[in-house]
Amino acid sequence: MDNSYGQIFKITTFGESHGKGLGVVIDGCPPGITIDYEFIQNELARRKPGQSKIVTQRKEDDKFDILSGVFEDKTTGTPISLIIYNEDQRSKDYSHIATKFRPSHADFTYHAKYDGYRDYRGGGRSSARETVARVAAGAIAKLALQQLGVQCYAYVSQVGALKLEKSYKELDLNQIDSNDVRCPDQDMAQQMYDLIDNVRKDRDTIGGIVTGVITGVPVGLGEPVFDKLHAELGKAMLSINAVKGFEYGSGFEGVTQRGSEHNDIFYAEDGSVKTKTNKSGGIQGGISNGEDIYFNVAFKPVATIMEDQDSVDTEGNIVTVSGKGRHDPCVVPRAVPIVEAMSAIVILDFYLRQKTKRLL
Amino acid sequence: MDNSYGQIFKITTFGESHGKGLGVVIDGCPPGITIDYEFIQNELARRKPGQSKIVTQRKEDDKFDILSGVFEDKTTGTPISLIIYNEDQRSKDYSHIATKFRPSHADFTYHAKYDGYRDYRGGGRSSARETVARVAAGAIAKLALQQLGVQCYAYVSQVGALKLEKSYKELDLNQIDSNDVRCPDQDMAQQMYDLIDNVRKDRDTIGGIVTGVITGVPVGLGEPVFDKLHAELGKAMLSINAVKGFEYGSGFEGVTQRGSEHNDIFYAEDGSVKTKTNKSGGIQGGISNGEDIYFNVAFKPVATIMEDQDSVDTEGNIVTVSGKGRHDPCVVPRAVPIVEAMSAIVILDFYLRQKTKRLL
Amino acid sequence: MDNSYGQIFKITTFGESHGKGLGVVIDGCPPGITIDYEFIQNELARRKPGQSKIVTQRKEDDKFDILSGVFEDKTTGTPISLIIYNEDQRSKDYSHIATKFRPSHADFTYHAKYDGYRDYRGGGRSSARETVARVAAGAIAKLALQQLGVQCYAYVSQVGALKLEKSYKELDLNQIDSNDVRCPDQDMAQQMYDLIDNVRKDRDTIGGIVTGVITGVPVGLGEPVFDKLHAELGKAMLSINAVKGFEYGSGFEGVTQRGSEHNDIFYAEDGSVKTKTNKSGGIQGGISNGEDIYFNVAFKPVATIMEDQDSVDTEGNIVTVSGKGRHDPCVVPRAVPIVEAMSAIVILDFYLRQKTKRLL
Amino acid sequence: MDNSYGQIFKITTFGESHGKGLGVVIDGCPPGITIDYEFIQNELARRKPGQSKIVTQRKEDDKFDILSGVFEDKTTGTPISLIIYNEDQRSKDYSHIATKFRPSHADFTYHAKYDGYRDYRGGGRSSARETVARVAAGAIAKLALQQLGVQCYAYVSQVGALKLEKSYKELDLNQIDSNDVRCPDQDMAQQMYDLIDNVRKDRDTIGGIVTGVITGVPVGLGEPVFDKLHAELGKAMLSINAVKGFEYGSGFEGVTQRGSEHNDIFYAEDGSVKTKTNKSGGIQGGISNGEDIYFNVAFKPVATIMEDQDSVDTEGNIVTVSGKGRHDPCVVPRAVPIVEAMSAIVILDFYLRQKTKRLL
C-alpha cells in the first residue's frame, strides 16, 4: 500500500527530491533476468533533466546503483534494491517555501496529512523526481517483457491545443525518440516544440497528452472484477505526478457511438481469435484479448511558474510565492518514459499473476 | 486482489448473473454503524432492472439478506456478509451462446483466461449484475460517511452527443432522482430520455457519461505515491463494467491550459485554507484538500444489441450471434448508484487509512 | 487481512456461532478443479458436533451450499462462495452471558476491541464454530492438491499427559479415523478415550496435541524471508481457536542438540537430493526440500467448564458464570480436520505462489 | 509478501550477506517520531558480531544510514529507507561452496526455488545477516512504542539442556544486557556461558530458547480470525533464521492441564478488568487483554560446524563440506535483540490497525 505497486512484481519507492537519493525495492522479480546496465541507464537518460532546451535545465546525472538481488548480472529472485543518489544535497536555501503553500502543489495537503512534518525542499516526497525510481524499475520490467515479445511505447500526442490527429497505427513508433518532444510525427513535433519554447519564454507552463501503446500482450491478462487490466493501468497512470485523466480504446469519444458501430467483430485467423476493429483497446471484460492496447494520459500544466502568485502560509497569513529555480515548461516529453515504465510494470505483474490461474 | 477492493474497509464480491445469487463480504467495517435496511433496499432499487421504460425490463426484486456482522441492527466490526439471491435460476436455454463469443463482451477473454471453464449464462461473472453487490456495500459505506458529513453524488451528464454543459455547481443535486435518466437538469433529462428511447426502438444502444461529486471530504485523505486519492477513484470507476475513461478536476480539457490560468490560488477563511478556483478537483498531490471532489466517468454503448452480428465460436468457426433477452439501451441511468457506491467505498477506506497516520 | 488468509488461494470467512450461518469466499482457486460434494461433506462430518460420545452433543448437520464459482461441478476461477447455514437460530436465552465475561474466553477482549458491539450468543464470531468454514475451504484445497500428489494428515498425539511416543513414521496414517479420538495407535487411542471420558464426567476439560504430516510436497515452496513455509504454517495453526504453540521438525526438543547431531546430511538418489535424517521437518531456509513436513500443534483445555466460576461483567461487577450447554471436554479429536484443512490451504497457496518464480 | 512484513507499519528488507549491504524500507511509520540515532546504533550493537568471546568473531561495524523519510530528525510519514553497508565486500574465495549444498543450510532449497540463480557467498539472502535490517526497523518501532508505554524485552532462558526455571516475573529484566549470554539470572548466565564456550572449543554448535515479554500493551490489539495477535507474533518469530518453535502463555505445557486449573479468573481493579493468573499470556481470542504478553522461541543449533560433513553438489556428486570461517557456537545471545525487534514491529502494527476500528 501507499508507496508500493504491484501484487507479484511489486515495487516500493522511497526518497525525496532533495534528500540523499531516490530508490526502489523490487520484490518478486523472477530469477534469471539478465540486467542490461546500459539499457537501464538509457531509460533514465530519457527522463532526466537537462536533456534538451525545452525541459528543466537542472543537472542530475541519475547514475544508479544496484545494492541487492542481482548476482553475476542475473536477477536471483530476491529483492532488488536500486538507488539513484541525489548529486547535490548541499543545503540550498529553501526557507522561502518552508512555510508557504505553493498554488496547485502538494505543500498544503502534505502538511495537513502528515501533521506538519514535511521535507519542504523542492516538494520533498511529492516531487516528480520520485518517478526516477519508477523508470528504473520499469526498465527491469521491460527487460523481462522483451523475452515475452511485449513492447511498451509511449509518445506525446498533444501539447496545449496542438493535437496529433493520427492514430498510433499511422505512426512509426521507432521515431519517438528522434526529436526532443517525443512525438513521432516530425511536423507536429516541430509545432509542439515551438509552442513549448514560447510558453517557456512566457515564464509559463502548459499541459499535454501522452499516448501509450502496448503490443504483443498475451490473451488473458487482467484480474476481474476489481483488478481489471485497464483499471490497474488507469491507476498506475493516475499515480504519476500531474495526471488528470485516463482513457483507453475508444475512451471518452466512444460514448457518442452506438453499440452497432462500436462493437468489435471477431474473426479467426491462423487459429487465433482476432477482432476486425479495436474500439476495445485490446481489453474486454478487463482482460487482454491479444489486440494492441492503447490509451491516453492527460497531464495538467506544471504548477510551478515563474511569475509571482498569491498564497497563504502555515499560519494562514497571505503571502506571495515567487517562482524560482529551473522547471519544465511542459512535462510530457519527460513523461514518456514514465508512462512506458508504469505500463511495463503493470503488464509484467499481470503476466505473473496469470500463471497462478492454472493448477498444472 | 482480484475480487476484493479496499485496504481497511475491504469488500469482496462473488456470484454470477444466473447462479444462485450475488453477494459481498465487507471486512473492516467499524463497529457501531446503524444498519438502515430501508436505505440499503432503496439504493438497490435505484440500480435494479425494470425501474423505467428506458432500462432493461428484466425482473429482479433484489431483496438482500445480511448473514453476519450485524447484531441488533448495529455493525459489530466482524465481517458483514450480504447476499442478493437470484430469483429466477430456472435452467433457461442459454445453449445458443454456450460456445459463441458475443462481440465486445468478455466471453472470449474469460474463456481464454480461465482455460475454458466458464459459466456462460448471461455472461456469468462478467455480467454487470455483479455491481448489485457493490451498491449494497456502498450503501453501508454511505451510512458510515453520513456520520462524517460526507455526501457522494452522481448524475448523468452526457448521453451520446447530448452533453450537459453546466457545472455541478449550477445544478440542484437533490433533483438527480427526479427523473428516469438521473440528470438533474430537467430539460436535458427529457432530451436524453427521448434519445435513449429512440435508440431502444432502433434495437441499438448508446454510451454516456456519469459525473461524480463528493462533498464534505476532510483534508488529508489519499496515500501517495501510488494510492493517490484520484488514482484509487479512477481504478474504482474503471473497474465498473463498460467504463472506458476517467478524469477529475480539469481533466482532459485542462491540458490546453497554461499554468498561470490553471493554478488554484489559496486563501484563508475562518481558519481554513481554501482555493479560489478548483481546477484541482479537490485533490492535490493525491490528497484531498477539502474542496469538492468532482470527476467524469465514460461508459461505452452496451455491447448487447438486438441485431444479428458475425462472430466466431470456441472452435474458431464463423457463427451468427442474435440479440435476445431484455437489455439496457443505455447504461448510465442505472450506473449512477454504482458510481456513488464506489465513491463511498473509496472515501471511507481512505478515511480509515488516514487514522493510522497519527501515533497518538 | 483480518478475516482473510492466503495470497493467491485466498479465503475469507464470515459468520457467527448463532447467526444465520458460517461461510467462506475463496478467491483465486484455479479453474477446472472437480468439486466432489461427498468429499467436502465428509470433511465437515469429521469436524461436526455429536459424532461421538467424547465430543459436544450439540446437533448440527453442517450441510453446505455453494453459491458461486462452480459451474457444472468444475471451478471456474471466479470466487467460490460456500455457506453452512446454522440450523437452529431460535432466540435461545443467552441473556445470562450477555454482559458477563466468561473466564479465558474472548468475551472481554471482543467487547473492548469492538467498542462494546458484540454478538454474545455462544461467543459469536470468536466461537470455534468459525472453523467449519475453514474445513470446507480446506476440502477444496485438498481436492486440488490430490492432483499434485500432496497429502495432508493430522492426528491426535497427546491428550493431557498421555503422549504417543512413536514418530509418525511408525504409524499407519490411514488408521487416523478408525477411532473416535483420531489417534492411529489403537492402544493409546483407548487410553486417551478413557481419559477424555473421565474428564467429561468430572465436568472439566483437558488439552492435547495434534501432529500434522504433509507428504508429497514439491521442492521449492515457501517465500523467504518473512513468508517462510513454516512461518505461514505456524500462523495458520496459531489462528485456530485454543492453539497455544507450534513447532516443526525437531522443534523445542531440538534446542538441546548439537549441530553435529542435528544436521541433516544430503545424499543423491535417482537424480533427487534427499536427506538421511529429517530434523529439518522438510523445510530448510523456509523452503520445502521434498522431505515430509511434520509439526505439532498445542491446544489448551477448553475454557467452558460445567462448574461455576467467578468473573466480572461489563460494568465491573463481580458475577458468577455458570457452565451451561453442551461443550467439548477435549477439542483435539475435532481439531484434526481443521489442522489438515489449514495445512492444505497453506501448501496450495505456496504452490501457486511458486509458479510466479519463473518467467517462462 | 515475501520480503515484507506488516499491514500498516510495513517493513521490506533487502540485501545479501556479502553484497553491497543490507537494508529496509519502512512504509507507514507515523509522522513526528523523533529518531534517536544513538539508540538505533546501540540496538544494532546488541546484535552485531564480535561483541563477546561466545559469538562469531567476524568484524562488522554495522553503521547505518537513513536515506529518506526523516527530516530534521523527525519521521515525516513517507517511506524510511535505512541501509547498513557491508564493510568488506572484497571478493573472498567462496568457490568452495559455490556448487556444494551445506547440510541443514538453505543452499539446496534456494538453488531449487530460484532456478539455480543464487548468490552463494555466505548464504546470500538466506544468511541471518538479513536480521540486521529487522533490528534497525525494530529500533524505530521501539521509539514509537516508548510514547505508548509499551516495552519489548527478550532474554535467553535455555541453552542446550540448561533451562532457567524461573518465570520472567522472578527476574530483573533490566539485567538482560548485564552479561554476554543475555540471561538476567547471573548464575545461570555463567553456566550457559561455560556451556557455549565448551561447545565452541568442540568446534560444534548448540541450540537454545529466547523468552519474550511485552509489557504495557493496550487492551484490544489483534485482528481475528486469522491475524490473531499470537498468530502474527508466532509468524514473526518463526520467520527469524533457525527458529523451530513458538509458544505463548501456558504453551505446550498447558495441554496437560484441566480447564478448571488453566482458566484465568477475571477481577476488576481501579476500573480495569484484570486476570488473577495469566495462563493466557496476555492474549484471549487473539486479542490483547492488557496483561503481560510472554512467549518462548526455540532456536536450533547453528548448522555451520567446523568439522567435515558429507553432502552433494549441484550435479548430484558426493562431496565433502569443510567448516570454514567464523561462526556462532550458539545463536541465542545475538537473537535477543532480533526477537525484541520483531515484537516491537508486530505490536506497533496492530496498534495502528486498531485505530481503524473506530469511525469517529
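Letters A, B, C and D name the chains as they come in the text, with residue numbers starting at 1 for each one.
Please note the rule applied: a contact is a pair of C-beta atoms (placed from the backbone, for glycine too) under 8 Å apart; a residue touches a chain by one contact, two chains touch by 3 or more.
Predicted model, so just to flag it, every value in this text is computed and none were measured.
Asker: Where centres are the averaged C-alpha coordinates, which chain has the largest centre distance to chain D?
Answerer: B
Asker: Using the touch rule from the top, work out which pair, A-D or A-C, shares more C-beta pairs.
Answerer: Spelling it out, more C-beta pairs touch across A-D than across the other pair.
Asker: Just curious, how far off is chain D from chain C if you go by their C-alpha centres, in Å?
Answerer: Those two chain centres are 26 Å apart.
Asker: Distance between chain A and chain D based on Cα centroids, please, to the nearest Å.
Answerer: Going by mean C-alpha positions, chain A sits 39 Å from chain D.
Asker: Based only on mean CA positions, could you tell me how far chain A sits from chain C in angstrom?
Answerer: So the centre of chain A lies 46 Å away from the centre of chain C.
Asker: Got the chain D residues that touch at least 2 other chains?
Answerer: Residue numbers touching two or more other chains: 1-4, 13, 28, 31-32, 77, 113-115, 125, 353, 357-358.
Asker: In the complex, go through chain A and note every residue touching chain B.
Answerer: Of all residues in chain A, those touching chain B are 1-5, 7, 13, 101, 103-106, 108-110, 112-115, 125-126, 130, 158, 160-161, 199, 202, 204-209, 219-228, 230-232, 234-236, 238-239, 244-252, 254-260, 262-268, 271, 273, 275, 279-281, 284-289, 296, 298-305, 307, 309-312, 316-318, 353-354, 357-358.
Asker: Which positions of chain B touch chain C when the two form their complex?
Answerer: So the residues of chain B touching chain C come out as 1-4, 10, 12-16, 19-23, 25, 27-28, 31-32, 65, 67-69, 71, 74-81, 83, 113-119, 124-125.
Asker: Note which residues of chain B are touching chain D in the complex, please.
Answerer: The touching residues are 8, 28, 30-33, 77, 144, 147-148, 352-353, 355-360.
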